[in-house]
Amino acid sequence: MRPSGRAADQMRAITIETNFTKHAEGSVLIGFGDTKVLVTASVEERVPPFMRGKGEGWVTAEYSMLPRATHTRGSREAAKGKQSGRTQEIQRLIGRSLRAVTDLKKLGERQITLDCDVIQADGGTRTASISGAWVALRLAVQKLMDAGAIAEDPLTRKVAAISCGIVKGTPVLDLDYIEDSSADADANFVLIEGGHIAEVQATAEGATYDEEALLRLLRLARLGCADIFAAQEKAVAR
Amino acid sequence: MRPSGRAADQMRAITIETNFTKHAEGSVLIGFGDTKVLVTASVEERVPPFMRGKGEGWVTAEYSMLPRATHTRGSREAAKGKQSGRTQEIQRLIGRSLRAVTDLKKLGERQITLDCDVIQADGGTRTASISGAWVALRLAVQKLMDAGAIAEDPLTRKVAAISCGIVKGTPVLDLDYIEDSSADADANFVLIEGGHIAEVQATAEGATYDEEALLRLLRLARLGCADIFAAQEKAVAR
Amino acid sequence: MRPSGRAADQMRAITIETNFTKHAEGSVLIGFGDTKVLVTASVEERVPPFMRGKGEGWVTAEYSMLPRATHTRGSREAAKGKQSGRTQEIQRLIGRSLRAVTDLKKLGERQITLDCDVIQADGGTRTASISGAWVALRLAVQKLMDAGAIAEDPLTRKVAAISCGIVKGTPVLDLDYIEDSSADADANFVLIEGGHIAEVQATAEGATYDEEALLRLLRLARLGCADIFAAQEKAVAR
Amino acid sequence: MRPSGRAADQMRAITIETNFTKHAEGSVLIGFGDTKVLVTASVEERVPPFMRGKGEGWVTAEYSMLPRATHTRGSREAAKGKQSGRTQEIQRLIGRSLRAVTDLKKLGERQITLDCDVIQADGGTRTASISGAWVALRLAVQKLMDAGAIAEDPLTRKVAAISCGIVKGTPVLDLDYIEDSSADADANFVLIEGGHIAEVQATAEGATYDEEALLRLLRLARLGCADIFAAQEKAVAR
Amino acid sequence: MRPSGRAADQMRAITIETNFTKHAEGSVLIGFGDTKVLVTASVEERVPPFMRGKGEGWVTAEYSMLPRATHTRGSREAAKGKQSGRTQEIQRLIGRSLRAVTDLKKLGERQITLDCDVIQADGGTRTASISGAWVALRLAVQKLMDAGAIAEDPLTRKVAAISCGIVKGTPVLDLDYIEDSSADADANFVLIEGGHIAEVQATAEGATYDEEALLRLLRLARLGCADIFAAQEKAVAR
Amino acid sequence: MRPSGRAADQMRAITIETNFTKHAEGSVLIGFGDTKVLVTASVEERVPPFMRGKGEGWVTAEYSMLPRATHTRGSREAAKGKQSGRTQEIQRLIGRSLRAVTDLKKLGERQITLDCDVIQADGGTRTASISGAWVALRLAVQKLMDAGAIAEDPLTRKVAAISCGIVKGTPVLDLDYIEDSSADADANFVLIEGGHIAEVQATAEGATYDEEALLRLLRLARLGCADIFAAQEKAVAR
């Protein structure tokens, strides 16, 4: 029995509230249970130096936890004067995941930044960020297309992410904080609608794991992402 | 006529949603119109080095804007590696304002940190932060009293803050972003319930101002803070 | 009786020594009693990025305390690798105060930086800085006008600043360090010659204060600034 | 045909030179073809703050590229004043991988730091670092055991790492720089001798990949790690 | 003929004004011609970590140029967030030079920090700093001895420093800024009263130099330091 | 008798291995006994801002110790976020020394950076760096000349450096770590082939020294540099 009473292959409630803030071109508050992340998509008509003059766009991400998103207050990275390795690792993952489904040529020479700010944390903040970022990006791209700035849709596939792990010997889907703290292995899967994989990061925390376990976790992730794809679809439908 | 259609002495709608997040000892989402600030109060059983061994507590604040709280995206301070002068000025003001109504001796040797994160900005973010921080602090103090950690209430008076300004020659209450951008003078008042003043910061932006104008702005501030005190009272009633 | 034996409305001796250093376009050592600040005005024929192409100039300020300007040695900000919130707050105030009396259009597309370095501190360093900065700026502007670089005088009004406070219940003018440390309220006024106000920053330290007290402090400030305006006039006369 | 003329499942030459420097408790220069990494293991009789008083040890890693390890000179992180996200991500991975095979209780309350400095880069620097770090750690642990500081061996299993990728549609083992730059997918596997997995990081760069591809890459990784385990064994035999 | 009209072996006027500021245990404004440096000596009853528990004291120095000490304004190191290599090199030299004449055992477990702030620069700022620092240190030590905190004098010898250089083929003493900018070689000598040498730093700027030139510069330095020793003696006499 | 058994005027073995790494235009591993420094020369077809448009080139250097180059592990400067004063002082010295023998006009508008990374330290790392940097620079310049990018040789003289010191009263050549730690005086000489001097840095550590001692150290340095010039010649011969 999981601490939350969920079945091994059961996701927490997925909630997606679009247009949570008014200035951003795309904005969403996504919840995986008690994990709540505010994601905004900001369009800028310029690209970073390394992309200039290629006629292509860029999609990037920044990630942060509010200091008291967690059980005990963490120190504010802006006050410390640097982002932690964990933060940088996560924001690089988010950016990479979204670029995996974006046709940068069709986007044109502009940048979309996905700001993922964790309002409340209960495990799975990076996967909720990726899943919510797709919705915010979709909304921003739609706005560009509606305005005639983009001719062809650069975002034809969905991407979602979910964490799975082995807790007390059992593979389970969508770890909350309690499970995450005691997991033997912790894996984050970034999946593309249709079956392909964008990224696997599977880490042994206590015990190492074998190939069979990896595959069982991947199968759980497919179940979870199917739910997320459905929630994303519903959120962007109009 | 103001851009928002409000009368010169009319506040925007004040909204206060308590317990917006679950981990913090006190937590509130405060809105002054479209300005939305999430404030959490975090209790820690230690004080900063300069307060150690005095048998007194400390109240401090940190302030941040989410990058896309504003019309165009601002860069993230954690990524730039330092807090701007504006940020530091504001968080020092918030901390000072709350300490003005807290009896640090009665608080005991512990620290309460008020994190004010602006989710959406439309003028008045520092005054909304102060007004919301009082509610979050009140909730956290109540929790400490309920738990028996504090014997006597260290927080017997309310504090609230509001911005006023002279826009096109007219003193107006509670400036939104459009008014703030074109104001001749911009004043932030931090007032104590009962009539006293904790802080006045009145700055000429374009034209300088005279004593009479300062007094008219202070009177508007009294009107606005009366509304805020009422909203605070309602929010913490139980 | 004040610790210094002064009357409640009595300033400390104001001393202004112009051309204290030889390289700067304007340079002054200003003293308010034992508080001594070296202010230099440096002209550069370029403006910061946000002002480019507007045909206007810019006036800005930097502030620093020498490590042993104070009773006990403070750490050097250059060695710590960042400026404190207090330093940034003060230098923003100085810049704003001087811009309040400068016609940036008439200045032309150039920047004047006012460096305020506190040689010795005994209370009132920010107000001495502002008052001295006006003299240094005046000297630099005069040099530009004498050289024909500026056609019309961009600096037709004087600005001065003074601190007042409520010490043991009595409003007093021009606080020294001992009074500053024990004041119930501490207010800095930036006044324009002729009666207008550029900035009021009035902060309750221990006890909060009321409207009458604010007005009494403002009246004291007017007395003090009258003396400073006279000293400034004498310093720049030729 | 691969650019290097290797078969799809063929590793580059693995070279391990132990005791490359004299001060470190363990030291090794490991080469995967033209990729050369100097790894030193340093023992310190203290643990980081978060581990104090638990009676356990800690294993951590730092990673750096010499500025001209690469085709064109990269800027020195010490001169820029911060480590890149990539550097932090890699050093976190190295530390985690080594901890996966270390019994921290048996290590006792001391820390071993693995410094991985890339002398020359040609793809696979993080996997060479992990594989070499095991040897350096083994040497340092042996020295502690020989000196009687450790009673029971805390390091009974080997860990190795290798990169695999899909290049022009073909899964290949041990990517060099040319292949890495053009790979559709790039996966790093950290494997434990005996068959278990410590970490999988499989990233789609251009095209996404499917489950079958993931498994084929894992099988290639098993082949490569078998060779590395043999080379490690030979290097530490005495 | 030198630009200043001085003879090759002629120093600029040496001025030493003691007790220039009131808080420091020792304080001096030293001038070598137009070069003016404010040096303060601050006594603290603690030593840096690497000296703790040895029963010895420490003498250290910090150095800074005010931004407009020079012909054109330099940026403020506190604002840039780091000290330049030049600044660090100079402050290390000053500290070393003063420690060369201080008996750290007799000083007792306390630290004296010499803050050298250049008010106006015209060449030779580091040598004026060292020469002035000795006076400030002497005054601070005297105060400690007068108070009975130190039993035996830890500072029985004087130290002074002077720059010499080869300008247009001629060795000259005490370079000013114009000479410094065009010198072929530039040497700083730190000499002990009585004839010994504490430090020589002789650098070829344009042309390299030979042994004879080095000796001629050293002889000039002896002449210059004799003058400085006399000025130091006069400054501390009582 | 010296700890190493060497005669007072005896160098340690000088070893120079060219082309130690493959990407750099020039690369060398130089050893002075157990001190080993990897030096690479990197050519870039641009110059730093202060040199632009002069039609001249620039030669600069960076220096770093690997964390475990020393007896006990030092912290990594990239992780601490800044370079120490010692590091900056040394890299400035290396750059200056190499520029003393380079005709920047003949080099053309390009920059050569000499990266000196200390693999193993046993005293004399800065002098080994300078001596090795000449070889790496020579190799890079030769490559530019062979490719026809440079018409006339900008590097016609050799430069080498060696440390000497007074240990227990005796002047000795080429101090190793043990001698360096206990030396009364420590001098680094940068000499030009043919007899001229580029730089002398002679520092009293414990006892101060006299003119005769300085000359005896210089004579030892001439002996040592003669050996280094011979080793450099052999290394670049082809």
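Observations on the model:
As written, the chain order gives the labels A, B, C, D, E and F, with residue 1 at the start of each chain.
Throughout what follows, a residue touches a chain if its C-beta (ideal position, glycine included) is under 8 Å from a C-beta of that chain, and two chains touch if they have at least 3 such contacts.
From a predicted model like this one, the values you see are computed outputs, not experimental measurements.
Looking at chain A and chain F, the chains in contact with each of them are D. Ranked by separation of Cα centres from chain E, the top chain is A.
Interface note: chain A and chain B, two copies of one sequence, contact each other through mostly matching residue numbers (shared numbers exceed half of all numbers used).
Here the spacing of chain C and chain F, counted between their Cα centres, is 51 Å. Measuring from the averaged C-alpha position of chain B to that of chain C gives a distance of 28 Å.
Residues of chain F in contact with two or more other chains: 81-82. Tracing the ring of inter-chain contacts outward from chain A, first into chain D, gives the chain sequence A, D, F, E, C, B. Chain D meets chain A in the complex at residues 82, 85-86, 88-89, 91-92, 96, 100, 187, 192, 195-204, 208-211, 214-215, 218.
Interface residues of chain F, counted against chain D in their complex, comprise 21-24, 27, 34, 36, 38, 40, 42, 44, 62, 64, 66-73, 76-79, 81-83, 87, 113, 115, 117, 119-121.
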